[in-house]
Structure formats: C-alpha cells, structure tokens
C-alpha cells in the first residue's frame, strides 16, 4: 500500500563572492516514487542547469549565485511504494554472479577505506552465515558499538576514524556499514534521503547493500523508519551526494530546515518494520555476471 | 600523423581456490585509437563476461577461475591519432562553465583526499595564472619534489602520504597531481595506459585534467612520451582501474609482462613533445554547464 | 622462592658505513633481579660508552662501529624474585594520589596515541569496576579481539592502527593495552624483557600498569609466563626501548638469536600463574601525590 | 648584560566535578634565570603538591580542586642572562659524540613522528652543510611554507599533519622544526616559555636543538625575540609540557591571560637579535658520548 508524503527543505546562504552551487536535494525519479509533484524556488531568481546521473538517477542542479543572500526552497509530494520481503528469504549474491556494473560499489572510496577495514570486518562478521541477516548483524553492531553523537565527527571523518572514535552521526554510521559490507565483498552504497519520523527533522543518510539481485536499505542508527525513506541520491559515499557543494567563491552558511510528514496529516506510526525493504525492482541483468 | 603501435601484456596467476577476477587491460575504444586489432587469450579456456563503462569507455572483463594456473594474454595493434595544441592557448574552464557530468572528478576519492590537500595546493599553486601551464607547473613540482622510487609506497598509499614520503611510483605521482588539480577546482582523473618508451616496460599511470572543454594528459614522472600513450582506463583514482581485481578466493601472483613498440620496428623517438596532448575531441556539451 | 635463569642474545650486523649503535639488551639492575652475573662480548673489540637512565634503570651502551661485521653477544645468569599478590586485593590508585613523577606514563606517546583512543577505551572498559581485574579485562579483550600474527604490523604501527588491523605482535598488544590504560587515567608503560617459555624464543614486550602504589605486569598475548619475565627496559613505548638503534650510517641486519632457560635445566613449568605479579617494591612516595 | 622582566599568568576554570590539575607555568630554575622572585596564588586556597623533573628542571604542581571556580595566578620577576654566540661558529655535534642521556630527544614522540618525516627532511635539508645555519634554514623554511593561523590546528595535530595543512600556531611550528631536526639526527626538544614582545601576549612555544655540546633556541614563527624568552618547561613535545593538564573530572575552561614586560617599563626593543642564543652552559659531559 502506497502512502503519500509531503516533504521539502529550505536552505539559506549568504554569498560573499559569486559562487557555483551544485545541489542534490530533489526526490529521485524512481519507480517506487510515484505521482511526484514538486516545486523548486530559488531566490534571487537565477538560471539553473540540470543534470541527472545515468543509472543511479541522482538529480543535480547548479546555479551561479551572485553576491548576496541565496535561498533554495524545495517542496514535494510523493507516493511511496514500499517493496518488502521476508529477511530470511534474501540470500547474498555470490561474487561470481554480481553484475560488473555494480563493481564500483565494492571498491574503497574517500570516506569508506574498506581495504583498510578488511581484517576487522572479517574478524567480526566473517563467521556469520551469508544473507540479509548478516547485514542486519552489522547494523546491530553499529547500534551497540557506536554512539550517535552530534559534533563527534566532521566532514572529513572516514569510516576507520569512526571506528576509533566510537561515535558519529548518520553519515558515519552509513560509512562504517558500507565499509564492512565491501570488506566482505558485498556491494554497498550511500543513500541520502528524506526520512519520515526522524527527530529532529533533517536530511538523513542510510546505506544500501546489494543482495539477491537488488538493493536493500539498512540503517545502523535506528533513527528513522526504513519504510518511510524517500531517496534523494545514491553514491559511493558522502563525497558524491552532498546536498550542497559550493565551488569557486566564499559563502556563509545559514539555516537548513527539512520537513517530512504524511499528506493526510496522520501521525507517525509507532511500530517499525522488521521487513526487508528494497529500493528497486530487480535489474534485468541481475544475477548474470 | 597517426603512428601504429603493437602492444600487449601477459599476466600469470596461480589460483588456490576458485576466484573471480575482473581485468581492465584492453585498449579503450576511443576516436583517437583507430584500426584496433586485438586478441585475448585466457588459459584455461574459461567463459568471460564483459562490461564497458558508459561515458568513460573502460572495458572490463571478468572470469571465474578454477583452482590451478591462470594466464591472461592480450595482444593489440592500434593506430594512435594524437590531438595536439599549443599549451599557451589552453585556458582553464571557469567552474561555472564546467559540465555537471564531470563533477565526480572534482571530488575527493579513496587515494586522492583533495579536501585534505586544499591548503597545500592553494599555498603552492594558487597564485599561478590559470591555464594549461599551471598544470605543467604542478607536474614540474612533482618531478622536482618527489623521488621516483620503487617500493616507497604500496597499494594503500594516499596522495597526502606521498607528500610526506616524498617518494613513490607513477601511481603516486598521478594521485598527487590529481589531488592538487581538484583542490584548485580543476577536474582531474586517473589514467592507466600502455606507454611507448617506458623503461622498463610496464603498465603506466598518468593523469588528465579538464581544461577548455576537454581532457589533457599530464605526467609528473617524465617516464614516458605523452604522445605515445594508449589508454586502457580512466577513473577517480587507482581504486577504479586496477588492471586486475581478484574477489572471493585466494591467489598467488606470478609474472606480469607488458610490451609496447612501433609496428614498423623503428626505434624510440629521442625528443619528447612539448605540445599539449588531448585524449578527446571536445565533448558536445563542453562549455555549457 | 627465587628461580635462577640463564639467558642471553646474539645480534649480528654488517656495517656498510661507520655507524653509531645504541643497545638496550642488558638485564636491568633491580631488586627483583638478584645475583646478576653477565658477560658482554663485542666483535670487533671496540670501545663502548654506557648510560643508565635515572629512575627507570634502563642500561644503554653505544658503540661507534667501523665498516665490516659486528657481533654483540650478551650472556647472563640471574635469580628472579617474583613479587606476587592476590589480584582481588589490588585497587587502582585514584588519580589525585598518583605521584607526579609518573605523570609521563599517563601521556600519549609516539605509538600510543591514548588521546585518540579515549572514547573507545571509556566505551569498552569505562563501566568496569576499577582495580587489577579491569586491566585483566583489557588483556582478555586484546587476546579475544587481536590476532597474534607476524607481519601484520611494522615498526611504525601505532595503537590506533592495530585496533583497525585487528592483528599484530607482542609490541602491538602492549601498545594497545597501554593506550587503553592511559585513556582510563591509569599510568602504563612498555616493558622489554627476556621471557621464559616464549616459543620461538625472542625478545618479548609486555606492559606495566601502576596500581596501588606500584607497577604490575600484564601481557595481552598470553605468549609467556608473567612470573618468568626478566626486564631489560621500560619506557613510554617501543620508541624508547628498541634493543638496537642505529644512527648515522648504513647497516645490513643479520641474525638475532635470543635464549632463556632455567639454570638447573629443568623444563618449563606447565601452569601459568594467576597471581598478580609486580616488578617493584612500592616506591617510598607511593600514594602521596 | 642581564635584563629584568616582570611576567605572569592568570588561569580561570569552572570545576564541575572534583578534578586533579597538573600545572607547568612557573619559571624554570636555571642558571640563566637569576634573582627569581615569584608568587603563586590559588583560589580557593587548596593544598598543592610539587614535583621538579630531574635534569630538565620542569616545575610541576598539582591540586585536587573541588567543584566550583578555580583561579591560578602566577607572578614573577627574573633577570635573564642571555648566552650568545656567533651562529657561524656553532657546529653540529656528530652523532658519535652525543651524550647518551639526550638520546630521547632523537626519538619520535606523540606529536613529532620524525620517523615518518625522515625522507622529507633529508630531501629538503639533507644537502645543507651541517651546523647552526642548517637549523636556521629549517626555521626559514617553516616561516616561508607554513602559515601562522589560529584555528588551523587542534590539540591532536601532529607534525606530519601540519606539513599537509601548511598552517598552524607556535606549537605546530615547533613540532615540525623538531621533527626535521630529529630526522636529520640532531637532538631537538619542545620549549614552553614566556616571550617578550609576543603580540598578543600568550604562552609561547619554540624549540631547542642540541649543537656543539649544548642547547640552542630556535623559532620558526618569528613571533618573538629569541633573547627575551623565559623558559617554563622542556620536553619531547607538547604532550609533556601542557601548561594545564586536568585529570579525573569535568572542567569548563575560562580565561587565560599572560603578560611579560621589562621591569623598568622600557618599551620593546625594535631589533631582533641575529645571535645564536643558548639556554644552558655546556654540560660537563658534552662532547663525550
């Protein structure tokens, strides 16, 4: 059963010298995001350029903002069709059956040095039976061993540092979960999203692992409902899908407000799903390496 | 004037338990690589899967090798059409005019933490006039400040570590050059290639920077002729275009032999070009952000 | 009951250009090392300089070796008086009662960045009741979580890296144990020693923690008997008590052989002690900060 | 000619739970610090414990502060006898003639991983003629290559990171200078001091290198007069001589004010000395390894 959500964000900046901004805040155009209606308002009213990344469908737009205040406001309404499965029925895909085009999500990346964490991951999770529940075990480990703590990390914090710090925010939980998956030869990628039930409301970051021919959502923070996530972008790690990347100028950061609620105004569901939640129908080439 | 080259490699392994190998050793199918004739021989004769990365045209193939010896032999002949320009006529592309689809090459990656090197790059190269010659200055700096030294680095060495070690091999020179470019907001990417005149013969790594609407070749090592490079792959850094990536098994590495010579058998040219060498015709969307 | 041991080592080098060597291989002159008889033979017969570090009693000697082979042979016989206690009776010393002269052993050092590991240590061990058994819990954690594996680390490996690598040798176990102690505000230091029962025979590294007014021995590797350790040196970490430090020349390293057995030739005791083993009588100023 | 200085500091804290503080703010008792008159006032009036480190003469005191405000005020007057020499007459001490008791100042330490910086130091300074002027060249390099910039570093920044960041404060300049010296096998140590002419007034950090049988002062920041430094402490690096180290409690940091002026009220001298400034008479064992 699809549920309708209203969501959006307002981002404020004070541009000191003309600056190019690349934004990635719009709801991705996916089969599971149906009936998307949206409005983007940029003040001042400047020209924007658009680009949608092939395959992964991230929607970027850029503006060349003149000096002065800049406000970017995004509002959307979307029906979220959740693809569910019984976790016990989802096996890992043997590496020889992985499609070659998802190989990049097995590789180490800027904030996910999975090559450095290989011994740790094998030592901690290598003995577990392959399958969806092994990734659940990784998420439980993250929840039990890493403190969710604002200010414990910064925008340069890597997954191996989070392991030492034993603390971080959603970005760090996602990076570490991805690192463990890749170290175990399970493709994994970073997901930025609007999250229903996140408190306080903000952009959220979770991760996806590739199992049984498609991508499944995981969240070691337990901060939001897996069946209430509306995807913005996916990428190797946070470097690829910052919601705002400024280039070539000087900028003062102002307020960021993010909201998400049900369109019918009904309150948040109390219970969290224990279903496996997939973000995509199986790709046609799944299972055929 | 196009010149014909003969090139190839032979890679030997002893597979201890069945292993998936992904190889990236074949000449990329580019406009500048004309008349490509090639032969790939895998012993034992096992099935292979192929994937060509969209946009960047890297050609990957994978095999699921059984236990025992594995030999991969690649032979090719190709005519290399070199695209030349006068370095003084190649400006940098202002960040507001960069196409959004090359944004990934501005971002930090596993071995190129350009975010960490931003202050260093601006301090050392920020005052130079923008343009092709600024990247040449970066290459000169690399040549003057980093020792080309086998064994000084390993497969986990990052660009910031190379800066401390003051030594490395072609991979490290490329990573550091890319890091400086990205820190200066110039898109840059890693290139693996066959290199005419490299001594001893081996795979080579150089980098490309995006200037004036297309990609140009740079090599801080001065080990090979820029106008004798035949591209295998491009990527964010070495993580993406290893010539061989084994997964899921145990492998002993044997010999790697690489060769490249002129088809007509004529000896290496003595002089090195001082032209700017581009690897691509300008993209249709170049200059339109 | 004191037991007599015979021990020693032979170190071989080939000196390529004249080199200053500082050695720290002789048995420390401590109250618990009684009846020490020893012989040091240097070939060729060159002059040596001696220095004993105040307070900690490490015995250093240096030689300025000419080009050619160098052999250093040390033989000793010593009666080891072991100071035992019931672990349950040994409390931690509250920080306000620590003598100021052991403050250096609370500080981070080259291979023990305890400041970086503070959150990890508090998260993992902070909830345990203070006392000797908390340090035993740290050693058990090391034994359970870190693989003893030659070649997993090198001479630049730090305690935080060992935590990521999940593997190391005695030096790394000691560094990590020290890091956790210091992070919990328990003074701790590195100990190099001859170890009875170590197999294969080699120099060994363990650590000491300061509890209840004196230093106690701990070993997370479980490789040797705590009541059969003859101390060579103590220091902040391995940087301070390398058994051999060459300066100012070029040296090829040859064989290192180390031996330790009981003087009466009786075989190794099978059982390991569960007593708390201290290396020193309480200092006169203990307990008076 | 000795000059009289008045100096001091006031340190304010709010202690949330009882905390042990170790302070190192008092003028060291050295031959060059003559006629020292001083007053230490702690509010509330709590008992303090004292310890002077052997050899290096650092004066530490500790207090066990109850919850509530804590103020530590130190006032002193001292006559500074400056020991000068002509830089061109000060050779390096060959490593074979270094006294063994200064060996610790050749070793890597927490914030000075000189082992990691060996290649860099040799590459940049190895070709220079040994002697005082080589250390001056290191200081000039620091001044030319590192930006003095508050906030660029933090209390965990190491010398190799400063090299990447290309920015830091006095502590970082000192760490990097020490690292280069040690990497060149020149003993070097960290110095905390009151500095005449520092603007704004604050604690200062410089470094000492051991040349020709004694210690000489160096400062890559050029922030203060070398002949107006009154030493507080020396150590391997900043880890050892923090002016305030709290243990075992929770503390809010308040204001730190530091002052230093001439006793006769005369204004700061305009010119900076170009003399070599030593902090100690030659040790009796200098030159005899």
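Note that the chains take the letters A, B, C and D in the order they are written out, and that residue 1 is the start of every chain.
One rule holds for everything that comes next: contacts are C-beta pairs under 8 Å (C-beta built on N, C-alpha and C of every residue); 3 or more make two chains touch, one makes a residue touch a chain.
Bear in mind that the values here come from a model prediction, so they are computed numbers and not experimental data.
**Student:** Work out which chains are contact partners of both subunit B and subunit D.
**Tutor:** Of all the chains present, none is in contact with both subunit B and subunit D.
**Student:** Hey, how far is the Cα centre of subunit C from the one of subunit D, in Å?
**Tutor:** 30
**Student:** If you average the CA atoms of subunit A and of subunit D, how many Å lie between those two points?
**Tutor:** 48
**Student:** Using the touch rule from the top of the page, what residues of subunit D touch 2 or more other chains?
**Tutor:** 116
**Student:** Name the shape of the chain contact graph, picking from line, ring, star, complete and other.
**Tutor:** ring
**Student:** Please output the residues of subunit B touching subunit D within their complex, sorted ascending.
**Tutor:** Within the complex, subunit B touches subunit D at residues 116-117, 119-120, 123-124, 145, 147, 152, 160, 163-167.
**Student:** Which residues, counting only subunit B, touch subunit A once they are in their complex?
**Tutor:** Within the complex, subunit B contacts subunit A at residues 18, 20, 22, 49-51, 53-55, 60, 62, 64, 94-96, 98-101, 103-104, 106-110, 112-113, 115-116, 155-156, 185, 239-240, 245, 247-248, 288-289.
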